[in-house]
Every structure is written in structure tokens, then in C-alpha cells.
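Shared chain: chain A. Partners: chain B in the first complex, chain C in the second.
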Partner chain A sequence: MTALSSSPGSGALPAAARAGADGATAARSSTPSAGAVSDAPLSAAGAPTASRTRGPREERVQLSHLLFALPALAFFGVFALLPLVGVVALSFTSWNGIGAIEFTGLTSWTDALTRSTTWHGLALVVLMVVATWLLQTPLSILLGAFLAGQQRYRNLLAILYFLPLLLSSAAIAITFKSLLDPNFGLANGLDMPLLRQNWLGDPVLVWVVLLFIIAWQFIPFHTLIYQGAVRQIPHTMYEAAQIDGAGRVRQFFSITLPQLKYTLITSSTLMVVGALTYFDIIFVLTQGGPGIATRILPLDMYLTGFRGNEMGVASALAVMLVVIGLSLALGVQRLGGRDSSASQMEGA
Partner chain B sequence: MQRNWIGGAFGWLWLGVVLLPIYFVLITSLKSISTYFGSNPVLPSLPLAFENVTAVLEADFTRYLLNSIIVAAGTVIPLVLMAFMASYSIVRGTRRVFGPVRSLFLLGLAIPVQATIVPIYLMIIRMHMYDSLVALMIPAIAFGLPLSILIIANSLRDVPKELFEAMDIDGSTEWQKMWRLAFPIVRPALITVAVYQTLMSWNGFLFPLILTQSPEQRTLPLALWSFQGEYATNVPVVMAAVVLSSIPIVLLYAFGRRYLVSGMTAGSGK
Partner chain C sequence: MRNFSLSRRSMLGATAGLSALTLGACGTAGPGSSSGGGGGASASYWALSGEPNETIYGDSVEAFNEGDQGTIDLTFFQNDAYKQKIRTAIGAGEAPTIIYGWGGGGLRTYAEESQVDDLTSWLDENAEYRDRFVESVWAAASVDEKVYALPQGATQPIILFQNTAVLEDIGAEAPETWDQLLDVVEKANSAGVAPISLAGQSRWTSMMWLEYLLDRIGGPDVFARIAAGDAEAWLDDSVIAMGEKVVELLDASAFADGFESMAADSNTDQALLWTDQAALMLHGGWTFGSMKASGGDFVSSGRLGYGPFPTIDGGAGELANLVGNPCNYLSVSSAASDEEKEVALAFLRDGAMSDQVATDLIASGSVPVIVGQEEALAASEDADYLQWVYTSLQDAPAFTQSWDQALQPTEAETLLVNIEQLFLGAIGPEQFAENMAAGKGA
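Let's look at the complex of A and B:
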């Protein structure tokens, strides 16, 4: 974290964002060297001559650097940061999505907090996060460790595993909808009465389906992350363990798992923050039903704002979502005992 | 090393879990509506029915395909260029100025896109861009920047600074160094980002749902969704639409897999 914490302004950055910092290793090792060339005239007190001759040119260089960053900065500022401020502001207004926006103080917030669907949606988000993590993490690690072997067929498996990630959530939801059809779906084809359930009409079964589909879609992604990480574990560690007589299972628990610690933090952060925003799958699959059994907070936000025309209340729900997301991401980092877990894919 | 039986067994089981739904979609898309209702759902039935494909193509599929291509290109090209230039200035600029810039973009990684849709909706309306394809590109570019910059900047850091010094001696400007030296060297990272963001754009559902209205502006995922509503009783046609909408992205994956996977696994925790 040396590079990050020494740079001004980074203190204000939430740990969740810092967690996203490039494989922290890269940040640590190369920012100083990258800055070294241009930093020298500004900071090296022992080289006044160099500073005199290179000063103006350095300034020009800095100016052009800033110009290069300008388009991205402007775009990001206006269309990503401003909406973040905007959603907080809008949560203190009433707006039906078409007419005038009226400042109404805390009305939207009290509305949001007194609706039972809000609390229901919040509880479902917690359920989603916890269940997703418990289901996907062990399986991803197991698969990742398996795929890390060097045989060619394992690479082929990795290619096939990746396929669900290519499909849009809409396509996946539509596919599973017909797959689960009690009359024309899998249950009928495999002749398994156990499968012949009212999968999407039962408030409990629908969650089994939902968690399974999300696992189907995202386990491959986390598997890939773990596969990459396991391959980076030095072979010598396993060889030493073998000499000591450790079996495969023992090796897994004593070497592989501990070595995966930071990957676990990365993957968990992504999983947890991702689980907060599942929307399209649920929207296409159940529309929040049956009843409100799957009306998870993000979906509730959409339905409240864009179907119920209560944009103020929807904004309040959105603010909650941001707060939960940040605290969860932060919490995972804390649990991991390091605030720089390094993820390239956060927020993906 | 002993064999990993548990992992192996589960690995092959998972392969079945992954492939079964895909197999189901493929065979169902080639069934006629009458054989769909009459045949075993998990077995293919002959003769193969290509009329589903025709039906999908007649339902304006090409327009939605074109829309998706336009939105993906209009998102990814400016996104990669902007992210590259910003990464260049972050990596090559001094820390005093660019530390905060970097931190600002990292902050973006922690923003759940979904939480910002109401203000984005408002902005797009006020900019008179509601129900246009451009409306879909703008937020996608903005929210694609942080991750793209992260990946590209990581790659740029590995460029030996001697190369830049050599170009300094030749009297090159920063602009020339950026495009003639840095750009070709980090091309793999740029392709990684491009493939990944194309995937994101191609599968995006939320922005099209909120920022467009008319059928003419639909991209594939949204078209798929409304198509399913219209053809609820003709599952084979819907499955054919699923297949057709996925073909382009599977082709892209076939081409960019190497970059996508390496970009995804590299630096995800050491």
C-alpha cells in the first residue's frame, strides 16, 4: 500500500475502492518507479541544476498529461460521480419521472422506511448475499484447484465452463424458464418426478432456482480467478509437503487454502457486491414473484421508481444500496485483515 | 502428485451442469412447434426445423443485432481510447497530480451502477437523448472507465522506462510517445478491455430497459425479453432467438479468449 497511501487524497478513498486497486503488487512496486522520472525535478533537493534546466519542460509535460486524462475525467465525473451525488439529492425530492421535481425533505425517506417491501427487500438482499457466498465460494475453490492442473483437457474444461458468462441474463432467465416447465421441461425429459415442481410459483423453491441459476452463471467466473491463483502457488511447497508425507487432502488444506487467502478476499468482495445488484435475472424470471417472494431491494427500487413513478423513494432505496455495498465491501476487507486485497474485476 | 478425486468428480459433474441447459436450448431451437409438444424435451428430434430461425429473422432480429453492434462499437471504441489516454497520464504523470486522479477512478469501482439509474435517467431526458442508442453508450462508457483504466494502467507500468527515455533522446513529444511507443506495447491489455467491455455492452439489460422505449431502439437482450412475451407459447422460436443473439458474442469469445482470461486471472490476488 505504500504507493497508494503516500499519494495525496487516497486517505479519503473508501477501502472498498482501494480494494479494487490493481493487483496491489503492481501498485506498490511500480508507481514509485513510474513517477521517478518526472518526480525527480520536483522533489530531489540535491539536484538544483537538473531542476533548473528541466523545470519548464516538466511543467509542459505535466500539462499535456493532464490533457490526456481530461476526456476520461470529464466523462467519468459527469456520468458516474455526478449521478452518485444526484441520487442522494433526489432522495430528498418527490418526482414522478415526468413532471417537475419537488424538494420534499425527508418525505421520500420516511416513505421508503415505512414500507414493508423495503424491509422485505433488504432481508432478501442479505439472504442473497449470504446464500450466494456459501454456495459459490467452496465450489469455485474446488473447481479452481481442479482446473489448475496442467493437462490440456482441463484447459478445455475451462473454456466450456466459461460459456454461461457469455450469455445475457435475459437469455439465461428465458432458458431456465422453459427448462423448468413442469410439462415440457427437464422434469419430463428425464422422467424424474422429483423435478416436476412448481419451481417459479413456490416462494421457497423459487429461491432454490434463483440461487442455482446465479451459481450456474457466476461460479465459472470465480473458478477462473481461483484457477489463476492456484497456478501461482510455487510447486516447491507441494514437493516439500509430499516429502513430509502430507496427502492430497492435507496439502489442500495446509497449502492451497492458506495461499488463496487474498484471492478469497477478491472473489468474495466481487461476489458480495455483485449479489447486491442482481436485477436482470430476477426481473426476467419472476418479476419479484410469486407475490413478493423475490422482490429483492434492487428490483424493488426499479419497480418503485419506474413502475410506481416514485423516483424520490427509489432514490432513497438506491442510497441504501450504495451504503450496504460500501459497508459489505469494507467488511470483507476487514475480515481479510488487509485493506489492499487487489482485484481487477471489482464492480464487474 | 496424487489425484484430486473430489475435484475431478465434481469438475466433470459441473461440466454436465453447465452444458445441459445449453444443449437444451440448442436442440429445442431446432424443433418445430408440434414436435416440441410431442417429443422428449432432452432428445433432439428429426427433421430439424429451421423455420424457427426464419421466424426470428423476420421478427426484426437484424435490426436489434445492428443496434447491439452500434451500441457496442459506440461504447467500446471511445471507452478504450479514453481509458488508454487516462492510464498513460496516470502512469507517466507525477504522483502529486495524478494520485488523486487515480484514486478518483478507483472510487468508481465501488459504485453499484444500478444505484445511479434514476439520476442517469433524469440526465438523459434533460439532454434530450432518451430513447436513442447514444443514451445507452454514455453511461456504459462512464462506468466502464474505472476497470479499463485499472487493467491498462497495470500493463503500462510494466513498460521499461528506458524505452521512454530513448524516445526522449530522439526528441519525441509526449503525444508521440503515447501513440507510437505505449499504444502498441499495451495492445494485449487494450484487447482484454475491449473484449470484456463488448461482452458487458452486449449483455446489458438495465440501461436499455430504462433509457429506451420504442422497439426500433431495442438491443438484443431487451428484444429477447419482449420477444419472449410475444411468443410465450412458441418456445422453440424463443430458443432460436436465444441462440441467434448469442452467436456473435461466442464468436468474439473464440477470438478474444486468450486476452479475456489472462486479463481476468492476472493480478487477482497474489
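Let's look at the complex of A and C:
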């Protein structure tokens, strides 16, 4: 649990910070809106700006760099690595949370790997990752490209649109839960029988609801990243295309989309890793139900550990999640090639 | 690109550190071991938030603290949050001096791990205190003949509530047999109201149906065997017959449309009853207070009816058998210091269930588990209901503890998962019995 505890509940935090890491390089910019937010902390921790504009020169890690990183590394060690070791150790024990911790070898692992809920949860995680990506990426790109235009009203829209991200997941889940109540929810309030569905009690409908709410919450964030990235694309490219007679659609597919490649990778990494850890919304909204229809692996881990009091098995599940999360994140990064995290400023 | 990867790593580190800090802050937001002022010894006490109990127990602590037996530090937690926090706190050696609980299987794990004190000899010394309580509360407080917890609060049997106005409208009577129940279901469905209100998403709500069905079909012994650790008892014929009755109800559309979407924590199941949209609701006695408080004139106009769960032809269980929670319990942490324990026991003896608490409980519409309340109950504005509950409690041949409280926590979680699957129709009665006997979570 501990190793992953930095993700459920605080999903937005690493997401924002990591966006900063990639966004800043891609978006050191003339438009202050998106880039400016994330730029500041990074340049403080990274190399002097002068060398960065000119591309990768310095290969040696200077002592001063290490000194700057030291507090962060210490935090990382104490709060991320140490608990991770603890969880790995716990996964080889049986513990009910209050009694003595017994070393039982691989028992917890065999338990975890032979339970049908584990595989069910894993399949749901895959479904979650694929579905959120397919749903959110195209919409975010289109919205991002649209909002990157210059008219003032678009900025206003962007701000309004960003609001859902500012709400906590728990608040969102509680609100939607009331709205979706079959007897006292939106359907009754608006007197629209069509909305009167068994939203959270039907194994299929509940997924429609979940994916919708998650999209509603997170598309604004990804839109913001894409908006920033689109504003980085040099105008000269579009002017050249116009002279060549390219229409708006052609411009989008031939210039905007290819230029967004690295942003796409950043955004996808966040989405994929984020989808692994959706916990709060599901926990509040459905508790994994109906039945086990939404009992994704992180939730299964939590319920096994803190409801079922099987800390050993829960730890084994946690380790599995760490491994899956890391491999997925590395995989997506690799898709982009080695230079995906390099600065693209001089690329035009 | 070394520079960049270094900064990325530090970003990650900072992120991890920050989120750990945030979480850490949540973790220690509890009361810890802060000592109350006043100079004397103090003991900590965690209780559940929510009215009217928050005020009642808050007052009892204040009254005790004004005396000279020490100070109690009281902190309130939400129900679900408490259930998970208390285990973690006990495991980490950070438990409060007074541990609130529900007795049964949860208490057994604490007792077996020596986390709570054996209070048997203390009770022998304080026989007067012991005799204040209704006899039936002690079973769930005991593990292997030793008492590890003291009763607190109101008795909470599960009751079949009715909306008498709806029953009258559809031309049905309050059911006392299974056939009468099915008759209500049919009449309600053809009249377009929900026969039975059920917040199925909460799972323990559906469990209440199983508890009574099994009692009425197989008698209280079947679950008594299960609670005693005999997993084979899940394979008893009466368990399968119980599942078949659930299927019968589902086939008859007995539960409100979309019941799987409803959760009990928002009280929409009660609202369905008090807004005349449902005929029946099987629920804990504690809902009386909230229906009275939130249901407008539902209770005062006499539309709220109540009665025992129907009998089933050929079944072994009696109409008077009850299921539910005998009451709540308070234990003393064995990790506490002698000084803390002394204050805690003084509070438990003189404060936790004082006469004032009993009076307040009655005023809030519940029945304290203290003997000799007849007069006070008769004088209450909810006299009819409260006296009925009190009599039912004393006349009940058997009072089976709620299953999720009676079982060990791990088995209770397995049970809840399988119950939900059964009510969804995802598994049948036989599969349910087999899963439970094998300890398999769906």
C-alpha cells in the first residue's frame, strides 16, 4: 500500500509536476499562459538556461547539481524507496494488520496470483487504460488546438473549462452520486425519465458513467497541455502551408498533429499511469460494485488490505501494480524514441 | 541530456516527497496522545460522529470531565473512516485508551492478539454495574467466556418498517408470512409503487434480508455454527433455501428499481419510504430516529408502521427471533498505561452509560440497553415504537448478531462481496453457499 499511496488520492500532484518536466522544455515560449506555470521550478533545478537553448552540451553532472537535488533525493528515499522496500518485504508475510507479522514465503504471492479477483482487476485496469486514452486523447487534442486560437473568448473558455480539475475527486464523486440517484437525482429534478437509469447498479452502465466522469475531470488538464503545445508551433509553418493552398483540416493533420508528437507522449504517459491509479472516484462512487464490476486492481488491493485485513496479499498486489506502472510508463516513453524528452525549441 | 534527467528525477523525488508529506499529514491528523488540561490523568476515546449520538456522548464526556476522576479526550470519526483507522491505529500501537466497536468477530481478533483488556474480573468487582444491562448484550462482548467489552448505546434490531398509507392504498396488510409478503410485492408492483426499498449498493443492507431469511428457514443455530467457525455450515440446505428466496424476490421485482445504485449512506432508501414511494423497508432500528428527523410528518402522522420479519412455511425460526446489533461496545486498550486505564474504567463505570445518557437516548428515539426503562419509555413521545422494540428485545428467543459484525473481518468482506453478487443475479444460491464455505470472494 505504502509504495503506491503516493498515487491514489494525490494523482493530480505528480501529474502536474511531471507535466512541468516535459511541458517546460516544449513550451518555453512567447505565450505565457501554459508554459509559464510549469517553467519556473524546473529551470531552478536544471541546468543554466543558456546552455539549454543551445542544445545538449553538458554531459557531466556537476557537484552543485547534486547538491541542489539532495533534499529531493532524501525525500524520495525516505518516502518512496523505503516504503517500497517495506511493501516488498510484507508481500512475503501474512499479517492481519494488528497481530504478529509472520514470514510465510511465497504464500501471499500464490494467493494473490490465484484469486480470480486479481485477474479480473487487472483486466479492468487494462480496460480503464485503453478506454480513457481512446476517449480523452482525441478530444483533448481537438479542444487544445481549438483553444490555442487567439480570440479573447477562447481564453475565457479555457479558464472555465479548466474548473473541473480544481475540484477534488471525492467531491466530484459525491456530487455525481447524488445526481445519478435513480429516485432523487437529476432524472427526478429535471423530470426526464430518460435519465432515470440504473447508472451505478448495472455492470455496463457503470463503466459508461465512470469513463465519462473521469474524462470530464481530466480532459481539461490534457487540453491545457495541448493548448500550450499548439501555441508553440511557429506561425511560419502555417503561413507556408496557406501559400501552398492547404486548408484548415489539411493544416491540422500535416502540421499541428505531427508537431504534437512529444506532447502526445507526455500526455499519454500521464493518462496511462493515471488510469492505473484511479481509486478515489471509484471508491466513493461504487466501492468496486456492482458486484466486482469496477473492482480495479488498486481498489482490490485496498479492500484486500484494509477491509479483508490481508496485508500480505495486498502488498503482493501493490508490488504488481508498481511493476506494471513502471513498465507502462517506460514503454510509452520508449515509443517516443530516445529524444522525446529533449528540447524541441530549435526544431522549426 | 544528463542535466535533464537529473532534474526530472529530482522532480519525481520532490513529487513523491510532497505527496508522502500530504498523506503523512492526513495520517497524523488524528488526536494522537494529546493530553487534556486540568492536571489529572487523562484517557483518549474515539467515537462515531453523527447526530443525535454525537451530542449525547459528547455531553457524557463533558459531565465526566467536570468531576475529579480524570479527563477524557474525545474525538469523533465518521463510521467508515473509523472502522479502517482503528485497526491501523491498534496495529501501530497508537490506539486510543477506549476503543469503540461492535463486538463479535472484530472484538475476537483484538482479544486474540491481546490488544484489549479482559474485563471479567473488573465486572465481578462491579456487579452492580453489570446488572444494569439487559442480559442479551453480553454474548457479543465475550470471547471464550471472558468479557472484553462493555455495552454502550441503544439496541438496534433489524425491523420490517412499513408505510401504512401505501399499504392501505394498494389494499395490502403488513405481512406476517412469506405469502403475505409476496402479496404486498404483487399489489405494489401493479399499483406502480416500489414494493421494497433497498439500498443495495451498501451490501450490508441486502445482508439484513439474508439474516432474517436464514433465521426463519433454518433457525438461529445455522448461523451460530457459522459464527463459531464452522465454514461447512454454509453448505446447510437452509442457506441454499435462503438464496432461493432471494431469487424469488428478484424474479418478482420486489426491490425498488435501480436498488443496486442506491447507497444507504445518503438515506435515499429511507426517503423512498417516507415519500410514499415504497411499501416496505427492512432496516436497522437506528433509522427510526433519522426518519423522524428528516421525514417531515411521516412518523408523527402515523404513516410509519413496524413489525417483525415474516415467518416462512415449514421454517424452523420463530416470528419473535431478532437479528441486528445488540448494541455498541467499548473496550480498554491493553497498550494504555495504568493511569489511563484507571480513568477509562472510571468513565466506563460512571459516565458512558449514565442515567442522563439513557434519558437522552430515549428522547432521540432509541432504546438504551439498560434494564428498568419501562416508565421512561412509556413517557416518551415515541412510546408505542420504543416499547415495542423494548418488549421485542426481551421476548426474543434468539438475537442473532449482524453477520458482518459476528464474523472475522476477512470472512465478513468475502460475505459482502458474495451477497452483492447474489443480489445482482451474478451467482446462484448454490454458488453463494460454495463460495462462502470455501472463503472465496466471488
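Operating definition for what follows: the second predicted complex is superposed on the first by the 254 of 348 C-alpha atoms of A that agree within 3 Å, B and C clash if a C-alpha of one lies under 4 Å from a C-alpha of the other, contacts with A are read in each partner's own complex, and residues count from 1 in each chain.
Everything that follows uses one rule, which is that a residue touches a chain if its C-beta (ideal position, glycine included) is under 8 Å from a C-beta of that chain, and two chains touch if they have at least 3 such contacts.
Being a predicted model, the structure only gives us computed values, none of them experimental.
Enquirer: A:160 in the overlay: touching chain B, chain C, both, or neither? Say first, second, both or neither.
Expert: A:160 sits against chain B, while chain C stays out of touch.
Enquirer: For A:117, is the partner it touches chain B (first), chain C (second), both, or none of the two (neither)?
Expert: The answer is second: A:117 touches chain C but not chain B.
Enquirer: Contacts for A:184 in the overlay, against chain B (first) and chain C (second): which applies, first, second, both or neither?
Expert: After superposing on A, A:184 lies in contact with both chain B and chain C.
Enquirer: Looking at A:69, would you say it contacts chain B, chain C, both, or neither? Reply first, second, both or neither.
Expert: In the superposition, A:69 contacts both chain B and chain C.
Enquirer: Tell me which partner A:194 touches in the superposition: chain B (first), chain C (second), both or neither.
Expert: A:194 contacts neither chain B nor chain C.
Enquirer: Once chain A of both complexes is superposed, is A:243 in touch with chain B (first), chain C (second), both, or neither?
Expert: A:243 contacts neither chain B nor chain C.
Enquirer: Applying the document's definition of touch, where does A:232 land relative to chain B and chain C: first, second, both, or neither?
Expert: First partner only, chain B.
Enquirer: Which partner chains sit in contact with A:204 here, chain B, chain C, both or neither? Use first/second/both/neither.
Expert: neither
Enquirer: Kindly list the residues of chain A that each of chain B and chain C touches, one partner per complex.
Expert: Of chain A, residues 6-7, 9-10, 13-14, 17-18, 20-21, 25, 42, 61, 65-66, 68-69, 72-73, 75-76, 78-80, 83, 97, 177-178, 181, 184, 306, 341-342 contact chain B in one complex and chain C in the other.
Enquirer: Sort out for me which residues of chain B touch chain A in the complex.
Expert: Touch residues, chain B against chain A: 1-4, 6-8, 10-11, 14-15, 17-22, 24-25, 28, 36-37, 40-43, 82-83, 85-86, 88-123, 138-139, 141-143, 145-147, 149-151, 153-154, 157-158, 161, 164-165, 173-175, 178, 196, 199-200, 202-206, 209-210, 220-222, 224-225, 228, 235, 238-239, 242, 245-246, 249-250, 253, 257, 261, 263-270.
Enquirer: Okay, in this complex, where on chain A does chain C touch?
Expert: Chain A reaches chain C through residues 5-7, 9-10, 13-14, 17-18, 20-21, 25, 41-42, 45-47, 51-52, 56, 58-61, 65-66, 68-69, 72-76, 78-80, 83, 96-100, 115-117, 177-178, 180-184, 196-203, 286-287, 289-292, 303, 306-310, 341-342.
Enquirer: Give every residue of chain C touching chain A within the complex, in rising order.
Expert: 1-24, 84, 87-88, 90-91, 109-110, 112-113, 115, 200-201, 203, 256-263, 266, 268, 271-272, 277, 409-410, 413-414, 417, 420-421, 424, 426, 441-442
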